[in-house]
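Across the two complexes that follow, chain A remains constant while its partner is chain B and subsequently chain C.
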Partner chain A sequence: MDLLYFRLGAAPYAIPLERVAEVAPAGPIHPVPLSPPAVLGLAERRGRPIAVIDLPRLLDREPAGGTVAHVVRLASPLDGAALWVPSEISSGTGTPAEAGHASIDGRDHLVLDTEALVKRAAAPL
Partner chain B sequence: MDAPGPRLHIPAGVHRSGVTIVQKKLAASFLLVSFLCTVVAVAVPRLQPDPVWSPALMVCLDLAIGLGGAWLVSWLVVRRIRALASAASVISKGDLTQAVAVEGADETAELARAFSTMVGSLLGVLKEVREGAESIHESARSLSRTSSEVNAATEGIAEAAHAIACGADTQADDVARTSTLTRDLTGSVNRIAESARSVQEAAEDAAARANAGAAAARRAAEGIVGVSNAVNASADAVDGFQGQADEIGKIVTFIVSLADQTHLLAINATIEASRAGEEARGFAVVAEEVRRLADHVRGFADQISSVTEEIRGGSHSIARSIRDGVRAAGEARELVDRAAASFDAVLDATRGTTERARGIARGAEEQRRLAGQVDEALERIVRVARDNARGTEETSNATLGQTASMQALSAAAEDLARTSDHLKNLLATFRLRD
Partner chain C sequence: MDLTPYLDLFVAEARDHLGAACELAGSLGEGEARDAALAQLFRHVHSIKGMAASMGFAAMSALAHDAESLMDRLRQTRAVPEPGTERVLRDALACLERMVDRAERKDAVDDAERAALQDGLRRLLGGHPARAGAAPLDPGGSAGPARAAAGPESSGCFKIAVIVRRDRSFPAVRAAIVIGKLARLGKLVRIDPPMAALRTGRFDGRLAVTIAAHLPARALAARVSAVEEIETFTMVPVEAPRSRDASAPVTASLRVRSDRLDALLEDVLELMSSLGRIDAAGREIETTRRLARRAYDALVEMRLVPFEVASQRLSREADALSRRLGKGAAVEVEGQEVKLDRSLLERIIDPLLHMVRNAVDHGIESAETRKAARKPAVGRVRIRVARLASRLSITVEDDGRGLDPRRLKQTAIERGLLTPAEAVRLADPAALSLITLPGFTTAEETTEVSGRGVGMDVVKTTVEALGGRLRIESRPGRGTRLELSLPATVALVQTYVVRAAGMSFAVPLASLGRMASMDDHSTTWRDGRRYWNVGAEEIPVWALRDVLRLHGPAEGRGGMVLIGEAASGATVGIEVEEIVGRREVVVRPLPPPVSGLAGYSGAAVLDDGGIVLVLDPANLPLD
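After this line comes the complex of A and B, so read on.
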């Protein structure tokens, strides 16, 4: 299976490639009042507004504090949302392991469920 | 009359022949006694007819007349002789003040007159003798006094001469000591001159060394300037190198950016390919290769970046070292300049020292010359003082000899004075009329 993978702090994560529409460098993000705490704000992509979800916060991970940050726009039907990933991102082929995990180049990654993530982010709403 | 012996001067008026006046007086007395006895023999029987008493009375009266006549005669003859005898007795005791009474014109009067004349002439002689003795006594006293004074003066002269001789000796010794001191002084002056010469040599040596040191310091300063220039050039070069490293950094950043973008484009291409299904499988493989290339590029760019950073850090430390070197060179330059100034000061000081040492040497030379002159003068003084001492000693000895003569003279004068005293005493037994 094809996966997009990255690290938050020391923890490796992966997202199935079919759940991803696009990876882009993080541009300006405009905060939105009264939005859930896990939502950083709105970003603009090809003329459309996208809600940017703070993934480290959602996963209770401290941001790495690096200079590199990306936004991962999700595939339809969640194509109005994007995940804010403050790290390098790569793509590759992984082998499914035990439930919710995959092995890429011999290393174990937690495969994220994008739908569950978006629901958790929107939950307080 | 012509018999040998003293000729007696017979005064005039002395009768040497015929009847003497004494005989005449004796005859007159006898006649008078005879006449009176005759008168008694005539007158008594007439006045006293008694046959008993008349002869008795006559005898008594004749006896009285006879005794009276005898007494008269003896009185007439003996009276003046007694007076003469008493005068002679007084004169024999030395009293010539007694005058001898001269009365009448008989032989006794003549004797008295002759006696008086004799006493007068004796008195004159004794007076002259007394005056002569007085004069001798005075002269002897005066001579004795004078000779004593001369003696004392001579002794004083002898003592003074001796003292002068001793003083001259002491002076000669002092001068000899002074001469020794002068020689010592000459020795120390010589040593001073030697020291001054060695100081001068040392100062000249120090001046030469200071000159060499100043030259070396100037050469060192020039060398430091060269080093400083070279180091400055290196600093400029390092600065340029840093600029080039910055350029490289910029380029690498640009390459990284390009690699990142390529990486993302490759990921997105993979996503698109997976969405396209099995037909886009080859496209996905190409996209994956592109992504790997981009990652390689990124890795190389990172390596370049780290190497450039290391170069930059190294060049930073080099630049810091160079700046330190430049500063150190500046400080060294200052130190060397200061050293050169110190050498110049030393040179000045040694020049002054050389001058002064030369002056000291000259002064010592002059002092040595003067000390030599002083030494010669002192030797002359010693010679003169010794001669003086010898002469004065001789004078003293001569004076002592003179003193002995004067003492003999004084003793003779004393003797004379004593003798004249004795004469005076003898004369004092005579009482003379003035």
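After this line comes the complex of A and C, so read on.
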């Protein structure tokens, strides 16, 4: 399976490529008052607002101190939702391993369920 | 041949025809008006028959055929129809409508319903097998029912399809000769292929000519058959074209799939926003912007349809169901003329149908029960559509038995959706929302009444996916009111841009009553709440920075109050620190995971790529 993969802190994660509409460098994010804490705010992409989800916070990971950050815009039916990933992102082919993991170049990555993530991000706490 | 790509078009066109047909069938009138209505009705059903046949929907086509035959019989004989005839016709139209629904979902045909109806139709046709009388001139059978429109003695407009003898050389020349001979029999309204194509010499032997004949049908047929270059032909009476002059320019209307229009609209919007970012002065860029704006306005307008398109279907559904259940229910629709986005309407039609069925089936009581409760024997279902600011409100209200929170809780416990302890804690108004839980409605009920597995849970999720909300109100014994509050999706909205705690927000003009500046002298504090006194009025005021829990430093001179109406109907004031000015923005629904967030009707991207949140003052979470 084709995957995007990256690290948050030391932990390796992957997202199925078919769930991704686009990866772009993170730009300005406009805060949304009263939004759930895992939502960083809105960003503009192709003339439309997209909601940016704080992935490290949602996964309870320390954000990396680096300067690189990406926004991973999700594909339909999650149009308009995007994940903020503060690290380098690569793409590659992985082989499915047990319990929602995939092996990429012999390394184990946790494959994220984007729908569950967005649902979790909508929760107030 | 795979016809799937044409399914959407078929469904859209069939619905248009059915909508018009049902309206006609609802009030046939008398005398000449009745004849005219029947003729129109006939044409709509005839179109459906043809379209269904070309899509391979044989059952649909057969039912349309029998309905058509019955109409033709009524028209032809001018006899007083047997009682129940019009009802059978209406039922047949309703059945066709359901068949189109099924075709759209690619479901199998429900043949039991059709077969029963078709039996009824044939009985009314007096045992005359529907397909028996195909005209000799019409080997394909397609003109059978239309035959009577131009009886043997009448002259009129006919479409003559000809196969030119192929045993001769120069078939294109032969075709031209045929056309010349036919032209002597009347005025040629249309020639297909056109003469220009024939002159190129390409001709496959088939020619279709529409002719406004000087002769009665029978004589015309005789003259046509005497043309020796013609091998075979069929002749079908057709409606005379509105324009007498075939060469006169005609404003054609074009059917466009709504998703294509959506895509085009998106492109124009993107064009507008990227034009906004071009850092250039001068007339060219201004002209370009104006053109983009004009294209946008035209596209938005094209996507709007009056609610009437849906309300006819809703009324008919309610009528049919109340008849089937032996209940009296009258449907009133308010706001037929309100225009809304077609794509939005397409997505909410099923939820609305479900709400209306619910109102008739579960809401309205039997006549006896109503009488005992001192209510009018006939129940009332009111559908109301209104445009409020950048939102659209659609309510379905009945004066039936209402929802009983205790019974709802009991059902939820029985279905394992609620523990008895939770039920005790659940407040009555909140208990009404139990009907939106998946699994609350039993499978038995969904098949029998709604028929398509749309439950209130689907209504709720559909509305929320559109960035809207479902509100449920009910008074036991008095009735139930369901309101869909929806964003009006893509649309340019006039707003005021306001600021509070260093942030900008847009507030739709239409959501505001008025605006005023407020000073400390005119406010009083009571029970921890600030009130603004204007004349005899006392308006509670909330600061936007408090409502949205903003912590930035205050700016501007402060004290500007936006006065609007809260969802509860009360007048409220929202204090902001500065009103920056007016701005026209494209309001986009908030994307997931913030799509359901209260207090906003969406967000807009400004020309410079910046984002502004659009407030929905009526739904701000004031304590």
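Quick note on the criterion: the second predicted complex is superposed on the first by the 124 of 125 C-alpha atoms of A that agree within 3 Å, B and C clash if a C-alpha of one lies under 4 Å from a C-alpha of the other, contacts with A are read in each partner's own complex, and residues count from 1 in each chain.
Keep this in mind: a contact is a pair of C-beta atoms (placed from the backbone, for glycine too) under 8 Å apart; a residue touches a chain by one contact, two chains touch by 3 or more.
This is a predicted model, so every value here is computed, not measured.
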item	value
Chain A as common anchor, with chain B and chain C clashing or fitting	fit
First, second, both or neither for A:Ser91, with chain B first and chain C second	first
Partner chain(s) touched by A:Glu18 [first = chain B, second = chain C, both, neither]	first
Which of chain B and chain C A:Leu4 touches, first, second, both or neither	first
Which superposed partner A:Val118 touches (first chain B, second chain C, both, neither)	second
More chain A residues in contact [chain B versus chain C]	C
Shortest span in Å between Cα atoms of chain B and of chain C, once chain A is used as the common reference	18
Touching both chain C and chain B, counted on chain A across the two superposed complexes	none
Sites on chain A touched by chain C in the complex	28, 30-36, 38-39, 42-44, 46-51, 53, 78-81, 118-119, 121-122
Chain A residues touching chain B - in the complex, by the definition given at the top	2, 4, 17-18, 20-25, 68, 70, 75, 89-92
Residues of chain B touching chain A in the complex	260, 263-264, 266-268, 270-271, 274-275, 284, 288, 291, 295
Complex contacts: residues of chain C adjacent to chain A	269-270, 272-274, 503, 548-550, 588, 590-600, 602-605, 609-611, 613, 621
